[in-house]
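First chain A sits with chain B, and in the next complex the same chain sits with chain C.
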Partner chain A sequence: MLLQLIISGILLGGVYALTSMGLSLVFGVSKIVNFAHGDFVVIGMYSALSIFYVTGLVPYISWIIVIPISFGVGYLAYQLMKRTIGEDVNQIFITIGLSMIIQNLILMLYKSDYRAMKSLFDSSIKLGNVYISYESLLAFGIAVLVTIGFLWFLNKTDTGRAMRAVSQDKSAASLMGVKVEKISVLAFGLGISMAGLAGCLLLTMYAAYPTAGGVYNLLAWVIVVLGGLGQVGGALAAAFIIGICETLTGFYIGPDFRQVVYYLFFIAILIIKPQGLFSGIKLHKKVKDEVTE
Partner chain B sequence: MLKINNIASGYGESQVLFDVSLSIPEGQIVSLVGSNAAGKTTLINTISGLNRVWSGSIEFLGEDITKTSPADRVELGLVQTPEGRRLFPDLSVKDNLLMGSYLKSVRGKREKNLKNAYDLFPRLYERRDQMAGSLSGGEQQMCAIARSLMTCPKLLILDEPSLGLAPILIMQVFEIIKDIQKENVTILLVEQNVQQALKLADKGYVLESGKVTMEGTGEFLLHDDGLRKAYLGM
Partner chain C sequence: MKLLNNKIIRWAAFFLVLIIAGLVVDNNYYLDILITVVFYACMASAWNIVGGYAGQVSVGHVAFLGLGAYTSTILFLKLNITPLIGIFAGGIMAMVLALLIGFLTIRLRGPFFTLSTIAIAEILLVLAVRFHGLTGGSEGLNIPYRPSVYNFVFKSYFTYYMMFILLMIAIVAVISYINKSRTGFYLRAVREDETAASSLGVDVLRSKLTALLVSAFFTGVGGALYAQYLLFIDPHTVFTVSFSTKVAALSIVGGIGTVIGPIVGSFILTPLEIFLRSQLGGTYQGLYLLIYGVIMVSVILIIPKGIYGALSDAIKRRRKQVKNELSA
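And then the complex of A and B:
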């Protein structure tokens, strides 16, 4: 049973990883403290739902359409937020406000009902004692694929490298000819696209409702802080920890306690290692002010 | 090549530069010296476009660039190696160098420039996969200079390249600056190391409290009594 739970946790973690890597990107590169990130996840859910109602395309296919929609939403949201860059408190207010606007807009358009997709598959894969549903496996597969693509982009392309550079030193990057504003917008749009994709995939496992964003907002932040602020790799690892944590408590203690347990875990980490689980693992020390060789 | 006409600039309410004019002829090394807080870094950040010009104008290669964005100035060939190296600490040495050839106009020469950079600084080749933040001070300075050269500069502004380096490395850095000049790159050298900077320079400017107080050939300034007293303790 334990193995079953851990595997389910990993599968769930793959989707959470998308959300939190997106948030990490938005925070690290665009320098926006985004408390509406979960609501962009929910926009992804409802986009996938609407596409299904209109065209009959299931989320496993429609994610290809949801990504550009989310990018557009992200672009518009950035225009709203860009004046607050550098003012964290204002950003928190504006993004919480945006979160309320999104939740109520969805409420207005779709009513408060829980909406779920009917399962496409009536069986699951059996590997020894472990059952894996096709839904979560497919969602995980797409999440892994996109994550690999994203990491490749970040590490191997000029634009990706510029994003990393901007997150480390904005003005030094502009001295290399990088148009910082353009990179910022792109990173924000990309981060929101990943949130939208996560929403699209989550819809195959969970129901959508207008205020679901609240849960994902905090979840994404917990993961990002656990992984070390602004560190994409750390967020990836932390997502799996939270995913496993969630399935274990869901089974051994009860589904209602899932959040309680990972928040307790979160608080414990903040007390013991406030810089995040993975931020200590750096290959270098900060070299500054040294006078001699 | 670069002409600065009566500029004023500063931060917020406080003015740092007052009516500063200077001109940098093509192919020369021009040194800008002055004590701490004289406004040297403010001046070159204004030249690079990181700081706004309050009044006056800047011309580069005959074009008015007073309102051009920092990125577009780089594209024109005006490149700065900032003070304190300002490498991207969590990027590898190679990635830092590749950032230097981010602009599409120089990407075609990337392979060639990278090879030149490694030839000039073999140490960087040895450390190419290491994080830039883990380099020693001297290596970081080499990396910062190499990164700027990747951008194919026409005018290279070096801000305090000798800062925090051991004397033997300082000599090395100044040798490299001479080599760069031979490659037809014009250089604006900002230094607190007054003697070395003026020895190297075709032309020098002294900046004090945001104003140019002296200008002349490097040789001339080096033998000026007032300057010798103020900066060289002689």
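And then the complex of A and C:
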């Protein structure tokens, strides 16, 4: 049973990794404290749902459409928020306001019902004692593919390098000829696209409801902080830890305690090791300064 | 007119008008609206102490409200202790929680402090649902309707209204006191530039912690009073994070970091919310919160100082202009 839970946790973690990498990008490059990130995940869920209602396309295909939709939403949101960049308090409030708008717009359009996709597969893979559903495997596969693509983009392309440069030092990057504003918009749009994609994939496993954003928002932040701010690799590992943590507590303590455990985890990490779990290897002093004063 | 320049007299006049308004509207429906408005004004003012003055944005303030409400209700239902004591016990419990939160998280910079307050409120929500024996779980707790002073249950809505007015007077008095005290100056210094304040010898953590404790106390007391008014509490009403965002929104719209701002916010937004909910609640679920969100975003973008802040700025500018014209 333990092995079963750990494997489900890893599969879930793959999708969570997408959400948190998106948040990491938004926070690191665009310098926006996004408290509405989870709501962008939910927008992804409902977009996939609407596409399914209208055209019958399942999320495994429709994610290709959801990504540009999310990018567009992200672009618009960035235009709204760019004036508050650098003002933490106003940014927190404007994203909270945005979150209220998104949640209640969805509530008006779709009512408060839980909406889930009917499973496409009626069997699951059996490996020894472990059952793996096709849904979670497919979602995991797509998440991993996109993650690899994203890491390639970040490390090998000029735009990716520019993004990393902006995240490290905005003014220096600007002096080196990087168009900071353009990179900021692009990073924000990409981050939201990843959130949308994660939502699309989550829809195959979980039901969508208008206020789900609150849960996914904290989840993404927990993972980002756990993995160390601005460290994409760390976020990846943290996502798996949180995924496993969630399935284990869900089974042994009770589904309602899933969140409690990782919130406690989150507070503990912020207090004990604000640089994130994996910063021992190469500790960025700057990151620590960003969390505490 | 000279009399009105005195701050204390202005506040006294304001509260007198409120009390008279309560006496005039001899109708429970309108009294309920007044109570709700004053209650939210109290909560927003209390939030403003830490969110506005100290610049520590808490979105988990509902934890203090819920703890206050549960403390007084459980003390009354299980141990038959009068809510007269319970209300203060609620405030003190909220302070204890604030002390814990403070020690753990007050060092964290802006967004991370905010996130941990949300996390703490969510944890308390789950715990309140889980500890069924004590809290009644999801079904909540009912306070029996037996009007008496010992039970702190009253027949007349006006009595409740006066309770909330008293709370508001206490909050306004304390904020005005803090404003003029050393702590007030410290807090403003910390909000403007933490590093500079600290280098000038301001005990940053202590100032922030003081603000959090005062704010938590009033929020806890408010929660306990609110429970006595509703005669019912359940985890999803007194521990839901959306309450905290609403309270924060009131302060921002009214004017963050001012004594009057949150009150202005509540007097504008709460009646609007009640109106929208009664008019549109059935057909468009969530529309009023959508409008709340739109108002919040537009205020931050257009008048970041809030309605009161913008108004007082405009008045100051006008006065200066008049003065200049007179001297010229």
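Heads up, the rule we're going with is that the second predicted complex is superposed on the first by the 282 of 293 C-alpha atoms of A that agree within 3 Å, B and C clash if a C-alpha of one lies under 4 Å from a C-alpha of the other, contacts with A are read in each partner's own complex, and residues count from 1 in each chain.
We adopt the following convention: a residue touches a chain if its C-beta (ideal position, glycine included) is under 8 Å from a C-beta of that chain, and two chains touch if they have at least 3 such contacts.
All figures in this text were calculated on a predicted structure; none of them were measured in a lab.
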{"item": "Chain B versus chain C as contact partner of A:Ala173, first or second or both or neither", "value": "first"}
{"item": "Which of chain B and chain C A:Gln259 touches, first, second, both or neither", "value": "second"}
{"item": "Touching partner for A:Leu98 - first (chain B), second (chain C), both, neither", "value": "second"}
{"item": "Which partner reaches more residues of chain A (counting touched residues only), chain B or chain C", "value": "C"}
{"item": "First, second, both or neither for A:Val33, with chain B first and chain C second", "value": "second"}
{"item": "Which of chain B and chain C A:Leu107 touches, first, second, both or neither", "value": "second"}
{"item": "Which superposed partner A:Leu270 touches (first chain B, second chain C, both, neither)", "value": "second"}
{"item": "Set intersection of chain A contacts, chain C complex versus chain B complex", "value": "290-293"}
{"item": "Footprint of chain C on chain A - complex, ascending", "value": "33, 35, 80, 83-84, 88-90, 92-94, 96-101, 103-105, 107-108, 111-112, 210, 214, 218, 221-222, 225, 254, 256-257, 259-260, 263-264, 266-267, 270-271, 274, 290-293"}
{"item": "Chain A - residues contacting chain B, complex", "value": "158, 161-162, 164-165, 168-169, 171-180, 282-293"}
{"item": "Chain A partner contacts - residues on chain C that touch it in the complex", "value": "55, 57, 59, 104-105, 107-112, 114-116, 118-120, 122-123, 126-127, 129-130, 194-195, 204, 241, 245, 248-249, 252, 256, 284-287, 289-290, 292-294, 296-297, 300-301, 304"}
{"item": "Interfacial residue positions of chain B with respect to chain A in the complex", "value": "48-50, 69-71, 74-75, 79-80, 82, 84, 86-91, 95, 98-100, 102-103, 107, 130-131, 133-138, 140, 147, 151, 164-166, 169"}
